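Below you'll find a set of structures to go through.
In the two assemblies presented below, chain A is common to both, partnered first by chain B and then by chain C.
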Partner chain A sequence: MNLRHMFALARKEFYHIVRDPGTFLLVTVGPVFLMIVFTYMLTSEVKNAPVGVIDHAHNDASAELIDRIEADPVTRIAAYYESVDATDLDFQRGDIVAAVEIPENYGQFSLLGDVPTVHMIVDGMEPTSAEQVLETVYTIADEHTRDLAGDALSGFGLDSSLLDLPINVETETLFNPDLRSIVDFYPGLMGMMLTLPALALALSLAKEAENGTLEQLVASPVDKRALLAGKMLPYLVFGMIDVVILFIMGQVAYSVPFRGSLLEYMLVALLFNMANLGLALLIAVFVRSQQVAIIVAFLVFFVPPFFLSGMFFPADAMPFIVQLEMVEFPSMHYVSLAKAIFLQGTSIRDLLFNFVILAILGIELFEIAAFIFRKKIIVTVPWRKWFNRDEKRQSLTQQPIAQSRG
Partner chain B sequence: MKSTINRTLDIAWKELLHMRKDRVLLPFLVIGFLLELTFVAWATSQPIDNLNMAVVDLDQSEQSAALVAALDATDTLTLRHEVADEATAIEAMDQVNTVLTPHANTILTLVIPAGFGDTLTSGGQPDVRIILNGAESVSAREARRVAEQTILEQGMRVRFNMEPADYEDQLPQVTVKYNEDLERSWYTLPGEAALIFYMVTMALAALAISREREWGTYEQLRVMPFRSVEVILGKALSPMLVGYVLFLSVLALMTLVFGVPLRGSLPLLLIVAVLYLLAEMGKGVLLSMMARTQLQAVLLVFVLVMVDLIFSGYAVAVETLPQLVQTIANFIPIRHWLVILRGVMLKNAGLDVLWPHIVALIAIGAVIIIFTAWQYRRNAS
Partner chain C sequence: MANDTMIDIQSVSRSFRQTLAVDSITLSIRRGELFGIVGPDGAGKSTLLRMMAAILNPTGGTIAIAGHDSVKDAEDIKSIMGYMPQGFGLYTDLSVQENLRFTADVYGVTGAQLEKRLPVLYEFTDLASFKDYQAGKLSGGMKKKLALACAIIHEPPLLLLDEPTTGVDPVARRGFWDLLSGLHAQGTTTVVSTPYMDEAERCNRVALLYNGRVLACDSPSAIKARVPGAVLALTSSDNRRLAPLLLGLSGVIDIQTYGNLLNIIVTDRDTVRSRILDLLDSEQIDDYTLEDAPMRMEEAFIYLVNHAEGALPEEVAS
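Showing the complex of A and B:
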């Protein structure tokens, strides 16, 4: 591999990136923008969820319960109804997400142990916020009933400690004290954002193929590995700049803790970037049109990492065969390493298996792409000519300029 | 002289021919996205269970053993380690237990202090400690919920000799509507279907004019005797057709294979789908006109999809978002479409409930198409 050739090509590619606003934005602002969208989408907490009330009691106790629901930041009282049936239409419209029915004898206890309890109805359509609303209202109602019962017991002259929970549970959370999901997702999401430069690389190569300039490059004395490496290098640099920006953004804007070694993380990010770009090269070598490159890249870069890398859904809940399959994707190793380094402060030494695989993928994917690339140019030319002739019979044909000249 | 409809159909036919010619694009779009839908369905319907649990039992009594057994018996938690003391337990939460998924560490460690059993049987309130692994926030939250509930039940059982059924009527009663089992896939699948439907058709529509521009046939299209609305509608029609077929297959996949209920009126859904598509296609063609190359068009679609995702209620209900976001969301077609799709499928909502959203869809669609046609004409002069 001739380094001078490589750097010359890298410079050419750099000019391409800087000249085209679309590509430039894609590799610089794109990841930051996407990160903001994703963090917003994935971590929004329920606030002021509208709750309806069916108050049959109309007494002090029910008024107090309503006040407590209104006061909680998660919920607010949106409407009052006469009966449960009357809530149906508003539930369908989505005007209320929960309703609380307070029984007539609410707050009145007898010594016989009759406990009047509220009935709550929750719109389960969206399970995540439904669970939050359910938990909030349930806890408020349960605590209120306990308070009322405690008062009642004292009124009867009994000890209210009878109502204490039988076992007291203390909870401590390691690594992420408030269980903020953003802390847990951020390191993995950073990896997802790094797929944007890879996408740009795949598109750039497909564009050269479409314009016919790839043939010229192949015909030039630059050897294939220098050619691919030169195309890859600027994207690698931009990718690493993105890593730094996203890292700072995580520390400043989202206060994501970082407990490991920065050097180790950067090394992991660099290898992951290389693996991603190698994958992009592989896609681009197989695919010769920009549209198809986009779709294949989407399927390879977004779907498996998102759903199967263990970023959101615990990977150990997946069937073993899927876990085995994921070994081939760089994203799974990246997510494992990044999470451990960020949150737990684990060293690479403890995750050597993932690190080694990531390193192998980082280098090997590029080599495979280079190997196939060379063969592809030689082998497919006659076949493509035949294919083109077949296509020309159709009235509407689009031929890349270089091929129609040939 | 052909009529407007004829001319519109002519352009649509030309677009269909383009689509047929590209042998890779369409199959990739359709198969790829159906595959993705399957993935999402499968991933979101996986229950979170068999989470690793470690126990530090300093009490070693009958009661502590019973508590551990009760936790181990739940689907969510599985006892993996018994650790001698707390410091070792915390260290163990860092450790790698499996080669393939090393971040699947111990999610929850239960510490039972000495004297637990004696305090409980003598009527006191003993303490236990739960240590959660916050690096897996989703699993940790689920583990905490299940652990707290199980510990409460076990405590009631030992101290008051009461089973959950005995005190159930003293706790608030809960009814869950529309999605009785809080099945996550019932919410994500219609959202995912709408997104796929949206992305595929937008991507196709966005290429419609930018392609002409890149090939240099745009000028020819200009000088042909077509009115601007005819061109816009003609360009929008063939992606709409593809989108509609895709919509039908995704709908069938969702209801027949993944068991999402369709409780409302199917004809209503089918008609509104056309209105929704019309609005989105207008948007796609508009983008296509703004872009100079196909690549730019696709990137614009990408950005637009990301922005729309915030407002659409794709991942979280719009009602729970800040007021400003909710207001902006009213101008986004996919937001209304998702309300209609989910409303009809899960809530059996009819016209009486959904009419404001349908009116909004029509209004947005009309504005977009008129604006696009106006832009097209303006470019000409």
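Showing the complex of A and C:
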């Protein structure tokens, strides 16, 4: 690779980035802003979450409990059911986010016997609301039980505060078994934010094709690998700056624990950035118009990682073929590695498979893009710009053919 | 291939789906020539130049530049040529100087060599006082000069310029051609495409391109000599009505309309002139002028377009 060419391209690209406010914001503030939006969406306060009730007790105590759930600002009673099975459809439709099953013996106390067990079912697809609803119902039921117990005990002349009588709330989570929250998502989300610099790179190359500057470049003796590497380099630098900013933001603003090795995480982030940028080059080599680049980049960068990287759905719940496909997406390996390093303090050595694939993608995607790239003009581009017809019309009187005999 | 041939084009074609943009063209351009490719919009000029620049492969035929095949040895060609695409191929957000230095890096012009070259280019193009201007803020003419400076930064023996004067005001166009003449004098082989016929006059040889084919390839004077007869310029108040009548006169080969001026190409100046005077008389038009006009590339080109198929009018053929 011709390093002089690479640094010439990199310097030029750096000028483009810092001189175009749109691009500059996209690669600097963009990831931070998007992260704030995402985390806000995941933490936003829950109000009036619809809750279903399966009341087996049908007594004063259960009626009181239901009243308290209804009265709480977080929850409201949306429907009553005969059995847990009957709730399925409404869960699927999203009509309720949680169901409370009140046992027959609710409100009955025998000092020796079982504590009544309130059974809760929550929708893990909405981890934030599920968690809040769960907590709310637990608190309501706990308080109510204490009140009931207090009434019962004072009948015996005893002080209820002497007793530690927690209610049992058993939970069952549909769809997202671990009820993962911000802290769990943060390392993975960081990866998604890093696709913004990659998007900017794809756009930049498409812009050169549209403006005709790529035609000038491919007619020069520039080394094509240096050309692509040089264009990529500044975005890699900005991508790593984003990693540092997001990392600090995670520690300071979201108290995301970091249990692993910082060096290892930075290495993973670097490889992931490279893989993303390689993917962006690959996109740009095929499509050379900005609009198409945006659409394809969206499909490649945002949709698959979202669904496939195991961030929202557990990977093992997916069909084998889909899992196989996922192997090709850098984000899947990044998420696995990042979460393990952040949250469990795992070392790369224990996730060698993911690490090796990410490293291969980081290098190979660039090489594939460089291999496919031809120093030719592409003929399937919209050529409005290339022919500049408007310019030509300016001097019509000098256009002989316009006056040809009629 | 003779040693003094710079560009050897052998029955080259290029099609884009249904469009045949260049239709089996054979041309040979000698070292040191200032060669014009002249033709209207859509004639295939850019396509031909892109193939010469080795950034577009022909769909048929071969091109050799200084002995290098344009498909197999594309990269060899790229280092010995300077290319100016149609439109502005440089970076509008970079300053004049930044564009020049970037191009220099790409072409391997560095260090002392570059520091010696830059002042020469600034002087040559008159851009010294605009060094720190953003290229996008330059006037059309200055943009072209900057592009030219970038194209010749490595002193290439071959220069390919695609419509370098399109969209440039007439004064700047003249200035630009003076620069080209200067380069030509230094021995640079220069190929220029243009839709402007008057510019063809400044070339050693021109190829007239129309619908992807070469109508004629010769020196401007030889091309003009191919058009038989003379040109008469007629102005009158009723050209619109006169034109078809004039075309009906025997001895009138062609008519070109420029506003209220008619350029009439005739086989024999004297006899046809009197026929035209008769016609004007019988049509009762008296506020006219009828003068001799020079044969220009403009007239020659349109004549050649209209008679491309070799279908010359009888008077001429006989």
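Remarks
The rule is short, and it goes like this: the second predicted complex is superposed on the first by the 242 of 406 C-alpha atoms of A that agree within 3 Å, B and C clash if a C-alpha of one lies under 4 Å from a C-alpha of the other, contacts with A are read in each partner's own complex, and residues count from 1 in each chain.
The criterion applied here is as follows: contacts are C-beta pairs under 8 Å (C-beta built on N, C-alpha and C of every residue); 3 or more make two chains touch, one makes a residue touch a chain.
Everything numeric in this text was worked out from a predicted model, so none of it was measured.
When both complexes are overlaid on chain A, the residue A:Val218 reaches chain C alone and has no touch with chain B. When the two complexes are overlaid, the chain among chain B and chain C that reaches more residues of chain A is B.
Once chain A of one complex is fitted onto chain A of the other, the partner contacts of A:Leu34 are limited to chain B, with no touch recorded for chain C. By the touch criterion defined above, A:Leu26 reaches chain B but does not reach chain C. When the shared chain is aligned, chain B comes close enough to touch A:Val335, but chain C does not.
When the two complexes are overlaid on their common chain A, residue A:Ala141 makes contact with chain B while staying clear of chain C. Note: residues 391, 394-395, 397-398 of chain A belong to the chain B contact set and to the chain C contact set alike, using the contact criterion stated above. Within the complex, the chain A residues that touch chain C are 4-5, 7-8, 11-12, 15-16, 19-20, 211-213, 215-222, 375-377, 379, 385-389, 391-392, 394-395, 397-401, 403-406. On the side of chain C, the complex with chain A involves touching residues 16, 40-41, 46, 50, 53-57, 74-75, 78-79, 81, 83, 85-91, 93-94, 98, 102-103, 105-108, 110, 166-167, 170, 195-198, 247, 254-258, 298, 301-302, 305-306.
Per the touch definition, chain B reaches chain A in the complex via residues 14, 17-18, 21-22, 24-25, 28-29, 32, 35-36, 39-40, 43-44, 46-51, 90, 93-96, 98-104, 120, 125-141, 144, 147-148, 151-152, 154-156, 158-160, 169-184, 186-187, 203, 207, 215, 294-296, 298-299, 303, 306-307, 309-310, 314-317, 319-322, 339, 342-343, 346-349, 352-353.
Within the complex formed with chain B, the chain A residues making contact are 22-23, 25-26, 33-34, 37, 40-42, 44, 46-50, 89, 91-94, 97, 115, 117-131, 134, 137-138, 141-142, 145, 164-177, 179-181, 183-184, 203, 207, 287, 289-292, 294-296, 298-299, 303, 307-308, 310, 312-318, 320, 323-324, 326-327, 335-336, 339-340, 343-344, 346, 350-351, 353-354, 391, 394-398.
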